[in-house]
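Pasting the structures in now, so scroll down.
Each of the two complexes below includes chain A, the first together with chain B, the second together with chain C.
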Partner chain A sequence: MKFFKAFGLLALLILVILFSSGLLLLVLALAFPQAFASGELTPVVISLIVAVTVVGWNLLAGENGSIKGVGLLILLAFAAAFPLLFPNGEVTSIAFFTLMFAAMVTGWNLLAGYSGYLSLGHVVYFGLGAYALALICEHWNVPAGYGIFLLVPVAGLIAAVIAIPAGWVALRVRRHAFIIVTIAMFFIGQLLAENLTNVTNGTTGLDLPFPLAWGGDFFNTPFYYAILLLLLLAIALSWWVRHSKYGLGLLAIRDDEDRARGLGVKTEISKLTAYVLAALIIGMAGAIWSYFIGAVYPMSAFDPTFDVTIALMGFLGGIGTISGPIVGALLLEPLRQTLAANAPDWYLVIYGGLLLLVLLLLPRGILPTLQERWQKYRALRQSERPSDDIVISSLPEQGKPANIT
Partner chain B sequence: MGPVLEGIILGVLTGGVYALMSSGLTLVFGVMNIINVGQGALVILGAYLSFVLEQRLHIDLFPGLLITMPVMFLFGWLISFVFRPIKRDLMMLSVLITFGIALIIEGALNLIFSANIVSLQGWYVTASIPLPGFSPTFYLSYIYVFGFLLAVVLLTGLYILVYRTDFGRSLRASMENRTAAELVGINVERVSSITFGIGVALAAAGGMAFGATNGFDANSAYDLISRLLAIIVFGGMGSLSGALIASVGMLVIEDVVAQVWQQNWATTVFFILLVVIMVLRPQGLLGQKEGRQQ
Partner chain C sequence: MSLLEAQDVCKAFGGIQALDTCSISVAEGSITGLIGPNGSGKTTLFNVMTGYERVDSGSVRFQDRSITNATPDKVFRLGIGRTFQLTRVFPRLTVLENMHVAAQRSDLKGQLSRWSSTHEHRRALELLDFVGLTSLKDLPAGNLSYGQRKLLEFAFILVADPRVILLDEPAGGVNPTMLNYLTGRIRELNQRGVTFLVVEHNMEFVMGLCDKVMVMHRGTKIAEGTPEEVRANPAVLEAYLGD
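This part shows the complex of A and B:
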């Protein structure tokens, strides 16, 4: 019986997703016939379909872990096959950036989503990771090739080690001042990269080895898989934190820090760990990015807009969730890149307007808002059946915290 | 001694202008619990308004403020309505919403004025007075003095408004305890909107003085907002006098470092100092100690 129920749900899922993606394609094709035919919209369409799938899957699967697992496997298979399905260099480049942001937002979410400490300066570790890899390659004369990817964790660790004292300082203050101290730290990083000319070469920047062997459309593929691996690592970390006692402590800090401390959560070390883990993921993303771009400059490795982009993606998808950051990155990054490439004049206005609209309509993020509505709808439907007890059915399962999906 | 004194004079004069921009930011934070990261873009918008008045209608910068400040007040008053429906996570969301507003402003300014660096013109920008007692003669442009005087006048007005009027009393009550202020009959939403308007109007005045002393384009907002945020944390968030002291303090430190060491280390030194102060005194110079709030 349980098997059939799960099977029916799966069939329903696939039907809903096929239907909604078909509808989406139709709407886009009708609204922008020219751009649609020329293939400029391909990344946006693909990412929209994937995002809708992830959201729909999460809603319908609810608390059913095995169906969620199946969904993750399908998504993974699609992501792994992506460069084969769409070998076009422009498309895989956008895919690389989308996955990069998905990984960074997932890492950032460990701190901002779970402990509630919104950092607007974690991109400083992106820059540190990028510079660390560039400096390692320069000083050890590392040849271009796959070997450099093995140095990415080293660069990430360097960023994480720097994050320990920096995080200790930043976490001495609470919420709002924390936001601004992180911004200040970000600018310290940028200014140091600019001013320590004998190490960082100042505004001239540093070059990384260029892998000549990877020509043409294949060039993006190794980077794509490297960033995909990082994303998987970030998701695994996020899943572990979400399902561990440590993560429960973080959530307690988010809800009421003083009370959490009173109940025996080691607040200082918990917050610092989350801060450093986020720095580790973001630092590795920066390292892969620097190898992909081929050169690092203070202004590009320490880009203030990245900070806000990460926060926006997190909020759009829903912070404190596992798939929310990925949905946010899928929705925003391809759209941003397509807009910047096709409507450079209007890009900022349109992008800012869209953000404002989404933030005002769905202030808690897409996933939590829809999940809440879906649960309400289900509870309402079940309450119409005489046999079910509405009070019991609308409560969350035992042992699982409410409202934090 | 010469360069240090030069740095201090310049720092105090430009610090006054930064106080104009940051006082609005810190007031808005105090009353509405909003971190307005769009303040930098609003400053630049104010500068561009003065630019248009001066270029097209040939209205001098200072009388032009009589037009730009009310216009910007209205603009800020309108923006404040965006935050009314938000009940949860207001502080975090406000950062993103105001950033969205800043992006729209930046995009619109880029569309209209393109990305050329411009600066405001007037006789007092080019004319300067030699200060006595400096061995390579130190010429101080009149605009620095005028900008500082403008800041003194406007900030005195703000002081009277906040500490000597009924509106000021309800403003301070809303800052201290929003709920209690509502309970005693203060229309906190109205106070919030007016405060936001005042903050934006002051930003416009600051923008005029900024635009006359620096070249600017729409991108200058990023540089400005990082300094302004640092200033209000430094002074203690929500504290008006803290913002004033921190503005002058920051600019003096920056200008002295720029004079005796190097221009490009000036801002770095300030940010590092900020972090040191946060370690020693997490609530900032004059801020309230944080803890449980009910």
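This part shows the complex of A and C:
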């Protein structure tokens, strides 16, 4: 019985996804017939379909673990096969950036989403990871090739170790003051990269080894898989934190930090751990990125627009959820890149307009808002209206105390 | 024997002396009331004893061990639970998740495990049953009524098996039915050996519940005794009615 119910849900899910993707394709084909025909919209269309799938699967599966598992496997298989299905270099490059942002937003969400400490400066660890890898390669004369990917965790760890004292200082303050401190730390990082010329080579930047062996369209593929692996690591971390006792402590800090402290939550160490874990993921993303781009400069490795982009993606998808950051990255990054390439004059206007629309209609993010509406709709259909005085009716009878020992 | 005591505690906020060489002692197994006019320092004393404020001078002892200026998380883990005057629960967590927050364990393995699979889970459910919130366990705590939040706050401090519970105005804004219910729960826990220190303005509630009452005025204790003794004490009448 349970199996059939699960099967029915899965069938419904697939139907909904097919229908909504078809609708999206139709709208896009009618709106931009030329761009659609020439294949320039392919990345946007694919990411839209994937995003709709993730959202739909989240809503319909609800708490059903097996359906969630099936959905995850399908998505994973699709992600793994992607470079084979779409070998075009432009498409895989956009895919790389999309997954990179998905990983970074997922990492950032550990701190901003779960503990509520909004950081607008975690891209400083992106830059640190990027510079760390560049410096390691330069000083040890690391040859180009797959071996460099093994150094990515080292670069990430360097960023994370630097994040320990920095986070300890930043987390002395809360809310708006914390945001300001993180922004300040970001610019300190950028200024250091510019001015420590004997280490960072200043504005001239540093070059990374170039893997000549990976020619043509294949060039992007190793980077794509590296960043996919990082994304999976970030998702696993996010999932574990969301379900662990440690993560529950973070969520309690988000709601009422002093109350959490009074219930035995070690707030200081919990916040710092989240801060450092976010720095680790973002630092590794920076390292992979620097190898992909082939050079690091203070302005590109410490890019303030990345900070804003991460926060926007997080808020769009829904912070504090596991899939929200991924949905946000899937929706924004391919769109941004396609717009930048095809409508350079209008792209910022369109981009900003879309964001305004979403903030107006779905202020808490796509996933939490839709989840709530879906639950309300389900509750209404089952006509389970909450009664007004639940407490009194559910009090245990006096003289028949419940056992608490 | 005294379980929790404050000795000659002083605490000033700017020019205001909130606590002025204040000493109180809570006997083990008692339900002690703490009353006094507004601004007499009751809540500040609570904050000092639970680590939310640092003392200027003086000491706080629990089970003959100094906890002066200990952090709130340490105080809680030693076995002192407290509620707040304006009830504080975690509004965006579900009722059940709220219960689990208090069941924090300091060992790494406990931190890394899934909260829903820990052995505290059954206890959390039992305690929700104890305060009658079982049917609401999956609702966000922000959706609860004020009285229900009071019960939830009361329940989640019980998860950690505190030796002493400090209640800051448990009766404020609670309807009579709920208040009777709360009184019953407090008595029941007291019979199991939990000590209570209760700040309350509702005299009927205090006099009916407590076996000993202390009166504070201008940051210090001015009287102490059984409810009847305190009621007849001229200094108390002076504090409440006098200048």
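Brief remarks on what is shown
Note that the second predicted complex is superposed on the first by the 383 of 405 C-alpha atoms of A that agree within 3 Å, B and C clash if a C-alpha of one lies under 4 Å from a C-alpha of the other, contacts with A are read in each partner's own complex, and residues count from 1 in each chain.
Just so it is clear, contacts are C-beta pairs under 8 Å (C-beta built on N, C-alpha and C of every residue); 3 or more make two chains touch, one makes a residue touch a chain.
Here the structure is a predicted model, which means the values were calculated and not measured.
Once the two complexes are laid over each other on the shared chain, residue contacts for A:Gly249 go to chain C alone; chain B is not touched.
In the superposed pair of complexes, A:Arg381 makes contact with neither chain B nor chain C.
Once the two complexes are laid over each other on the shared chain, residue contacts for A:Asp258 go to chain B and to chain C alike. Contact with chain B, but none with chain C, is seen for A:Ile188 once the two complexes are overlaid on the shared chain.
With both structures placed on the common chain, the touch criterion links A:Arg373 to neither chain B nor chain C. Overlap of the chain B and chain C interfaces on chain A comprises residues 258. Chain B contributes residues 29, 33, 35, 37, 82, 85-86, 88-89, 91-93, 95-97, 99-104, 106-108, 110-111, 222, 226, 229-230, 232-233, 237, 264-265, 267-268, 271-272, 274-275, 278-279, 282-284, 287, 290-292 to its touches with chain A in the complex. Residue ranges of chain C in contact with chain A, taken from their complex: 50-52, 71-73, 75-77, 82, 84, 88-93, 97, 100-106, 110-116, 118, 126-127, 129-130, 132-136, 145, 147-148, 151, 156-158, 160, 177-178, 181, 184, 188-189, 192.
Within the complex formed with chain B, the chain A residues making contact are 118, 120, 169-170, 172-177, 179-181, 183-185, 187-188, 191-192, 194-195, 258, 304, 308, 311-312, 315, 345-353, 355-356, 359-360, 363-364. Only residues 240, 243-249, 251-252, 254-256, 258-267, 390-392, 394-396, 398, 401-405 of chain A touch chain C when the two sit together in their complex.
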